[in-house]
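By letter and in written order, the chains are A, B, C and D; residue numbering begins at 1 in each of them.
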Amino acid sequence: MSKLGFIGLGIMGGPMGLNLIKAGHEVAIWSHSKNKVAALAEKGGIACATPAEVAKHSECTFLCVGNTEMSREVILGQDGLIEGAAEGTLVVDCSTISPSAARRIAAKLAEKGVGFLDAPCTGSKAGAEGASLTFMVGGPKETFEKVRPWFETMGKLLYYCGGIGMGLHAKLSQNMILGSLLQAFNESLVLSTKAGVDPELMLDILNNSAARSGFISIKAPMVFARNFTTNFSVKWLEKDLELMLESAAELNVPAPLTAISKQLLQAAIAKGYGEDDICGSIRVLEDITGTTVAARPKE
Amino acid sequence: MSKLGFIGLGIMGGPMGLNLIKAGHEVAIWSHSKNKVAALAEKGGIACATPAEVAKHSECTFLCVGNTEMSREVILGQDGLIEGAAEGTLVVDCSTISPSAARRIAAKLAEKGVGFLDAPCTGSKAGAEGASLTFMVGGPKETFEKVRPWFETMGKLLYYCGGIGMGLHAKLSQNMILGSLLQAFNESLVLSTKAGVDPELMLDILNNSAARSGFISIKAPMVFARNFTTNFSVKWLEKDLELMLESAAELNVPAPLTAISKQLLQAAIAKGYGEDDICGSIRVLEDITGTTVAARPKE
Amino acid sequence: MSKLGFIGLGIMGGPMGLNLIKAGHEVAIWSHSKNKVAALAEKGGIACATPAEVAKHSECTFLCVGNTEMSREVILGQDGLIEGAAEGTLVVDCSTISPSAARRIAAKLAEKGVGFLDAPCTGSKAGAEGASLTFMVGGPKETFEKVRPWFETMGKLLYYCGGIGMGLHAKLSQNMILGSLLQAFNESLVLSTKAGVDPELMLDILNNSAARSGFISIKAPMVFARNFTTNFSVKWLEKDLELMLESAAELNVPAPLTAISKQLLQAAIAKGYGEDDICGSIRVLEDITGTTVAARPKE
Amino acid sequence: MSKLGFIGLGIMGGPMGLNLIKAGHEVAIWSHSKNKVAALAEKGGIACATPAEVAKHSECTFLCVGNTEMSREVILGQDGLIEGAAEGTLVVDCSTISPSAARRIAAKLAEKGVGFLDAPCTGSKAGAEGASLTFMVGGPKETFEKVRPWFETMGKLLYYCGGIGMGLHAKLSQNMILGSLLQAFNESLVLSTKAGVDPELMLDILNNSAARSGFISIKAPMVFARNFTTNFSVKWLEKDLELMLESAAELNVPAPLTAISKQLLQAAIAKGYGEDDICGSIRVLEDITGTTVAARPKE
């Protein structure tokens, strides 16, 4: 069994850390909210006072925090991982953050002899709980191989994508598609519903068409049931699109559709839906058009 | 066996008409290009000189032409179906056209006692050839039931969507999603490729993610092989988005994403890619960024 | 003095027709709303029962109606101008309609020996009342010269733009800029106001900057005073952008900004602001963001 | 006469610094490119080896560098202004940078007792040379009053906009309008030219219409003459729109038009036009559509 660390015990990080513990590892933990640390400590985690303390304990520390700023703070900031990490240990960042920031962070860690992988994941809450996440990983191949067994404790599919930042590029490209698919779904369903097509019939048709997609199959029924309980929040998708647009700007790739999708997520945030599940964003267009995409009462 | 008609023997209409013939029906045919009529006549179709002549022969005439204008011309124009159709016969329009135009056409036919269904389909060339199309149908329920066996000769899934125009609304809503999904795919793949991610790896990841979709699974390999042979042309998707935007305007539903996707298809048309398959539209962004989303040579 | 006709006595057409009457011409009039005809008849217009009757009376009939459909109906429909117009007479369409529709209408009139000019105008309500409109004219140069004196009774600036439809192209290109300028203004002012900049100071700065523009100088004070009394309605600007997008599609020119601006006007219409002045469209963004771009109370 | 400093001797900063020198002040100078320092030293500037050295000499140091990153580096970085600036001296940043970054920079300087104003300007190269710039200023009112005479040496119009960052908000709001106006102009002129309207006639019409604007009057003739010599570069306008979008995201204001305009500038940069004048961005659309918006040869 290994001495590991886990930082950031949110929707994703909580169950991920728990799966490492269940597999028998000694897992040092820290999170921004003390109560989350306490809760996981009860299930076998070793509560630490700072990220530095977590690193001191661990040969490999995973983290899954909200955004680039938090990631930088937890790794390089005061009492950050870098202060406690011994030479030869590893930091594996499972947060979805900026690829170029990841490269800068890795460089700082390298100066101290600490290895780094970017390993963003997909699979949402259910995947984190069921240990069926997909990881997209960037960094040295041999580091990847070393971490592989721990990844396999938390997930099922592993993609090695290339050098540092490439896991993030792969992950963000995926959410770039998701972001516009979400908005296309919103426009399409509000329009067909207003035109008079039964939303459930429309979904049935979509599920049997070239426009079928994992996202729509899963999210549409939640919309019809007006259930916007958060699996993946509007604010985090908005953040991912922003990261994607930054990458696009760095690489000089115009991305007009992504840009519009991001603005529409911003409208959802402005309306107060930022913490809700991404499928709740449909309410912006519903509000403007006076339509509700809900299941029709059955006779 | 029945006396049927088929008008418009293009990518879709040709194999659809052939399937009716193969099923043993007497099928009168007409198309804008004489050579297509001749070709199908050799396989058992009854060549006619005008749409009116087709209608005279048929208890039910199907059509699958390019756009609203052609549909109106073939049905209501000079030598159109309306001139030959007897009271009590039917016209079933499988073209993807404007829902409100379909309602106007149906009203004109009704004045002469001729029934009408809008029955746009999906499944593309392969579906038309393999008789596995999906039809989305609008019009009186009893007319739909009458036509059902013939639909079943050409397709597998039938959706009855409501009154006249509702089949088109359901179909167009689907292509609305497809249109933005296509452009999101274009942006995502150009960006990830430029960032250094292997396109085939990226597709593998997408196929195992929440962003997986029928469209991407099928089209991405064609892009990687630089095969833009037309299954569904850029110009027809552009037309479908235009129809959708017209419906959206009639119903006062803002659709910014669809609007942008349509403009980007227009850019593809301006660059000369209008007759190519929709997946060929990626070249606009490739040209601007100097990137090619192609399979990497395998060792 | 001449025998003229005027069709369409709305915000623009009413005062335009009156100026022709005041100049001493015998002006036959017709409008969709009978009460408007009666009102102008009291000031000297000759009330007619149909457009055809107006044309019978007139050597040149002007029209200024809402959109392409109305224009086609009034000219080519039942009891339309074409039924009453003698060979050698003229039809001058001052409505903002589709350039290609104008070409089709002109061709139909030409078959009967009736001349045609497209002569859309700018200058809004005040320009129509004050006879200071600008006309952009398309059609044969000699027809333009013949109509010139009557144009000069209604306006001050005349631009001869080329063959039929070119006046419309020139006019619509102008509104294309206006449409995006309006939306840019909306975004800019909502943002600066939310950031804390005094709207009136912001306007002062804009008026002295490279971003200064006729539109902003005139409309901003109306927004600050929350005065959305219609000079040019949201719904007509939306229509103009639609016409522009149709032209752009015909000519294969992608116009993404115009497309988005049009969708945002559609949102304003969906919210019930369609009949208000275009500057009232800012309320869509104000509603979403909880900001009001109003003058601050002065001490 | 005062002891002043000037950092950043580019298109704007060069002539601004020269005007301070001409007015008789002792001006210490530094710029990233040594040759620019040497050139201005010949005209009376005092060449320094680092920004810190400039600050040591000066009661007030102005800077006008390219972007937020450069500004932070020159002020807070190694050998930055902060290292040389004595308590009670001032830093006045005339660069167009992020308002929230400006607030963070000001806070750091304040810890050392150094005052700060954000004072972005407009007027472009000609305004900088002719000392007719407009300054929009944020910061304490009394600091503004102290700096006023030096501003008046470089510009004509001064706007006091409020606390730190408010000058930048006012400036960026202006460029937000400019950015979309530019793209609207591009779309409009490419379309009207392709439709057959003479570009110079079109400009004449625009200049006499509600869509007239300072920007179009000045830039259109440059486009017609195919003169894209840089007054204000595509890459700096793209940066300004990015800053605006960041502010919009911070304040939760959706700005779809600005987002699209920014992507289109990115396309121009991808095509290699980033260093050219903003009016050169029209070539993206010209390339796609095969149109050139040039003056027609005169007979």
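We take it that contacts are C-beta pairs under 8 Å (C-beta built on N, C-alpha and C of every residue); 3 or more make two chains touch, one makes a residue touch a chain.
Protein identities per chain, from UniProt: A, B, C, D = NAD(P)-dependent oxidoreductase.
Owing to the predicted nature of the structure, the values given are computational and were not obtained by experimental measurement.
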Of A-D and B-D, whichever chain pair has more C-beta contact pairs: A-D
Farthest-lying chain, centroid of Cα atoms versus that of subunit D: B
Length of the line joining the C-alpha centres of subunit A and subunit D, rounded to whole Å: 38
Where subunit B and subunit D are represented by their mean Cα positions, the distance between them in whole Å: 51
Touching two or more other chains - residues of subunit D: 248, 252-256, 260, 264, 267, 270, 288-289
Category of the chain touch graph - line, ring, star, complete, other: complete
Subunit A - residues contacting subunit B, complex: 99, 122, 124, 134, 136, 157, 159, 161-163, 165-166, 169-170, 173-181, 183-185, 187-192, 194-198, 201-202, 204-206, 208-216, 218, 244, 247-248, 251-258, 260-261, 264, 285, 288-289, 291
Complex contacts: residues of subunit A adjacent to subunit D: 242, 248-249, 252-256, 259-260, 262-264, 266-267, 269-270
Subunit B-touching residues of subunit D, taken from the complex the two chains share: 256, 260, 267, 270-271, 284, 288-290
